[in-house]
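In the two assemblies presented below, subunit A is common to both, partnered first by subunit B and then by subunit C.
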Partner chain A sequence: MARAVAAVATGQTDYAIRKDVGIPELIREAIDRCLDSRDLTLKDVDAFILGNMEMFEGINMVEHWLADAIGIGGKPLWKLNNGGTVGSSTAAAAYYLASAGFHNRILCVGFEKQSEGSPQSSITTVADPIWERSIMAGAIGNFAAMTSVYVNESGVTPEQAAKVAVKARRNACKNPHAQLKMPDITVEQVLESKMLAYPVRMLDFCPSSDGACAVLFSTEDDAKSLSPNPAWVHAAVTAHDQQYMGDSPKRLAEMRSLIEARKRGYAYAGIEDPIRDIDVAEIYEPATYAELAMYECLAFCEKGGGGRHIDSGIPEMDGALPVNPSGGVLSANAVGATALARVAEAAMQVMGEAGEHQIPNVKTALATGYGGNAWTDLLVLRAEKP
Partner chain B sequence: MSEDEFLRLPQQVTLEYRFAAGKYASHFFTTLKNEGRLLARRCPSGHVLLPPRPVCGLCNLETSEWVEVGPNASLGGFTVVYIPFTDPMTGEGRPVPYGFGLIRFDGCDTNVYHLIDETDPLKLRIGLPVEPVWRDQADRTGSFADIRHFKPIYT
Partner chain C sequence: MPLDAFIVGIGETRHAPQRDDVNTTEIAWEAVRAAIEDAGVELNEIEAAITASQDFWEGRTISSMAVNEIAGATFKAESKTASDGTLALVYAATRIAVGFDTLMIVLAHCKESQADAHTVEMSAFDPYVQRLLDPDETVLAGMQAQLLDISLDDRARVVAAARRRSPILEPLDAASVASSPETSAPLRQLERAPLMDGAVALVICNAAHAKRLGRPAVRVAGASTATDSYWSDRDLRSAGTVQPAVAAALADAGWADLPDRVELSAPYAHQALLWGRALGASGPAAFEDGGLCATGGWLGGRPGVVTGLSAVAQCARELREGSVADGRAIAHGTTGLLGQSHHFVCVEAAG
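After this line comes the complex of A and B, so read on.
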């Protein structure tokens, strides 16, 4: 029988432009914070899973020269490299490996040091070199073109998108690690910010950060001994989609990978009514319009209802299903760390360790990872052991 | 240590690649260059796919025949980009603003990315008819850049 697996400790660096640390020093900060929180050392870890976007730093086989910083010491190390999803994929992989009994205590580490390279040029290399690379215009232009389709389908307004930006940057003020903290941000300010690619403005988009995140998983009684309130994994699914950017014209409006992941993840975890059955969500929203579309794909509201959902206040910190109390990706984005940070934040909410941005009495938390629409991870964490 | 005592060591990595286009893209671009015709792949379920490819992503069946699509098309999506961007094919910055869109050729079930000759987003809409503007025959290289951009057809 599969073993129950839980997140038992988390650690994050501050997300910022970090000139003061090299990559090994950066990831050590996250690992130390994670292990120190439970009085553990690297000797207590059985296996490691590492993830980042290799092109961002221009370093191939990064696990090779980070080995000492991670503390491998002859132990198993798995390296994943699947874009924006990589962080949540390390968590899903930890769940599979621990659940199947191959390893017990698994430390997931995701990082990115985006200030060291050229993120927009690097991200263009995710596009097919023959057909799409010349046109894609980094993440932003590509994203804006998909946004036009979503706006056309759903009728969401720039004001509704701006409300997501306001929510994120205000929530971020309660998260000590967030990069973009804007306590006084207004909808008008978002609507007046620089247009990057129509209809997406500067404050509609995530920042570019340096940062690292670490999450320790363990199983059964060991998990209970490590954490007073383990965040038990009830679902960890991944779903992929078609090859080319232009294949599915409704990529953002009808994210097939996210919808598939949602259906499977909710079925595993017995979630029927997300607003009722989920207490908090940490989703990978690279832009405001994406968060609105994701409300629909995650069935937080009806199709086409993303704009009305933010108007309703349900995703606010004090709403019925708060989304990204951490401030989310709109407030910090070090890509290789970002999807793992969603899992960490969801686990912190279940463990009651989210500090100022803690949502009261969280029993069930949702986390997602996003890789350019084509890849989605979805995890459900609960206070109750499966 | 103070902020300026932390060193940053610049390094430039220049990597050159030659991507094999493969048999489908090679056939497509050769026909595009020599005949100005656009050839897509059709799968047994009837999905017509660009870029041409061996397997249909909608039904996972192997594609079975070439079919001509376009050259007229419509916009499946669009944006106007205002931030500088380096074209990896040329290494040069593209002047901003510029329009780019998801181009749906008539008779095709998927979109391809290309430039739009319009920089006012309020003049663009989903479904707007567009037509390709070709490079002169002598200037064609056998790539998607043999189509200069797409021009909106306003009625």
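After this line comes the complex of A and C, so read on.
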């Protein structure tokens, strides 16, 4: 019999170019904030799962170097490395390892210190070395190509994409950890920002951040004693697209891994109408156009309706299904931490601990992780125990 | 809750120092194809995959990109443990234990020939202070060997035993090991496991699926993993977490004692002896008689990352052949500099 598992505590660093700390200090900041929030110590943790893109900082077996900063003390230490999804993949792994009773209290830690590495050159190595690497030029060019296809298919406009940027950076002003807080940002400002690669402009894209996130998971055995309002995991699914870019021609216009993850995740969690059944979503949107495409793939709206969905106001803080009240990835992106931060933010909303960006009466929250269209993780967290 | 997953398919490549005939995807497919054929299932029946690889050895960030399609994970789940393959098996077994998946691929792959070993190993050292010394794993292993009271003769006997038992590498006598060039005092060149290319895949499933397949099955009865402090913060004369990890694995399996069949994985001869001591074996005889490592293990030509899952595969083969007296075996894998993490998997004949 599988045990119910819940997120019971979260901790995040401030996301920025963090010259004030080294990597061990950065992750410890998130861990301490997570455990301190429940008056716990490292002794209360049974196992650790670290998520990080180790080639970004150039540290092989980084979890072993960080073992003492984590406070390992002879305990189990896992390392996952799944691209942009890595943080949500640690959460999914924690769910299965705890649900099966292999570990009890599991602390997931995701981090990236992009200022100490070379993320864009590293991400280029994700492509097949023989067939694709010579034309892969970091994340922005890849996104621009995908976005052009999506714009052509859906008819979304730059103005509609800019509204996503405005929403994110204004929401970020209510999140103490966000990097890009722009209270006065306007659609016009987004449209006039520097063109990175057509049609993606500077303010359409996420920043490059240093930061760490920690989430403590526990089981039905003690979750209620650790948190007054645990965020119970009702679904934790992963889906992959095909390996080569050429095998997935529509990519952003038809995010097959997200669609597959949505179908399975909603089925597990009993979600039939997402606008009705989900109270808040924290999705991994690395660019404005991606968020519009994700509305469609998550069935928040009809196919081709991403632009109209942002026009409707539904994803705003006071809308029917707020998306990324934290400011999302557009306001902070420390890759190894980012997808775990989506899980943390979703958990905080369920636990009623999101502070100024808390959405009232959240019973069900959705979190996604995104790995360049090749992967999607999707988790559903609820106030109600499964 | 017991892990209660069953190994029904085993695939292992021809391991070799340099497999120029295949790329990463192809070498992994070689193992996966053999495993699904062994299990009598089709790739499209696989519900999810857990893989193990190290990006630095593969020269590719998110190195599972190369294999998730051939592991049957298209539009399905795949996660990569950046560790020894034993942990991929444990993670997969938990997904089966909770009933989320019923038929999975576990895959570990590594092409060590494609990387510059010194650069990869140096990248595992503290980037702020230690890397300035341009270290690698052999330098560190030499330092550890200096601290241990283990003779060159004993170390050479362990390597000779591994080579004699290995189905992969040519035999080698102890004198040849002892007279090979010194690499990092007191270590000799042949005391280190050779760099190899290879992959191992297992098909695992739940009890109902194993029964339906009607194939000989081996049960994953228990497992554990434990991690010590970083090398510069611990006593290098100690076997670290070997003892607590093996004790936890036995407890997880509900076994009162260590089985007769143990497959230990160590990249250096002195580490094999050090960790063997922690398991109650004294000296090289336990390696010569096959008690601790009947196949030669890592020193016998398994690629890093793959070694632990290869040990599981070997134990599973013997169990389903009925060649293990008490029907129990324990396989070991290790990750990190000087064995910072140790992983044990208990497997038993499924009746």
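Just so we're on the same page, the second predicted complex is superposed on the first by the 385 of 386 C-alpha atoms of A that agree within 3 Å, B and C clash if a C-alpha of one lies under 4 Å from a C-alpha of the other, contacts with A are read in each partner's own complex, and residues count from 1 in each chain.
What we mean here is this: a contact is a pair of C-beta atoms (placed from the backbone, for glycine too) under 8 Å apart; a residue touches a chain by one contact, two chains touch by 3 or more.
Bear in mind that the values here come from a model prediction, so they are computed numbers and not experimental data.
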Subunit B and subunit C placed together on subunit A: clash or fit? fit
Quick check for you: in the superposed arrangement, does A:P129 touch first (subunit B), second (subunit C), both or neither? both
Determine, under the contact definition given at the top, whether A:G58 touches first (subunit B), second (subunit C), both, or neither.
both
* Of the two partner chains, subunit B (first) and subunit C (second), which one does A:A197 touch, if any: first, second, both, or neither? -> first
Message = In the overlaid three-chain picture, which partner chain does A:I72 touch, first (subunit B) or second (subunit C), both, or neither?
response = second
Once the structures are superposed on A, label A:A145 by its partner contacts, choosing first (subunit B), second (subunit C), both or neither.
-> first
*asked:* With both complexes overlaid on chain A, does A:D20 touch subunit B (first), subunit C (second), both or neither?
replied: first
In the overlaid three-chain picture, which partner chain does A:V237 touch, first (subunit B) or second (subunit C), both, or neither? second
The chain contacting more residues of subunit A, comparing subunit B with subunit C, is C
With the two complexes superposed on chain A, say which partner A:G270 touches: subunit B (first), subunit C (second), both, or neither. neither
- Message: With both complexes superposed on chain A, which partner does A:A100 reach: first (subunit B), second (subunit C), both or neither?
- Response: second
Expressed to the nearest 10°, the angle that the Cα centres of subunit B and subunit C make at the Cα centre of subunit A is 70
Smallest Cα to Cα distance in angstrom from subunit B to subunit C after superposition equals 5
Overlap of subunit B and subunit C contacts on subunit A, residues 58, 125, 128-130, 241-243
So, in the complex, the side of subunit A touching subunit C is made of residues 1-3, 22, 53-61, 63-65, 67-68, 72, 74-83, 89, 92-93, 96-97, 99-102, 122-123, 125-126, 128-130, 237-243, 256-257, 260, 371, 374-375
Interface with subunit B, subunit A side, in the complex: residues 19-20, 58, 116, 120-121, 124-125, 128-138, 140-141, 144-149, 152, 194-200, 241-247, 249
Residue positions on subunit C within touch of subunit A in the complex are 1, 3, 23, 25, 48, 54-56, 59-66, 68-69, 73-83, 87, 90-91, 93-95, 97-100, 120-121, 123-128, 223-230, 233, 241, 244, 252, 335-337, 340-341
Contacts from subunit B onto subunit A in the complex sit at residues 1, 3, 6, 8, 13, 17, 19, 21, 25, 49-51, 53, 57-58, 76-83, 85-89, 94, 100-104, 110-115, 121, 125-126, 143-145
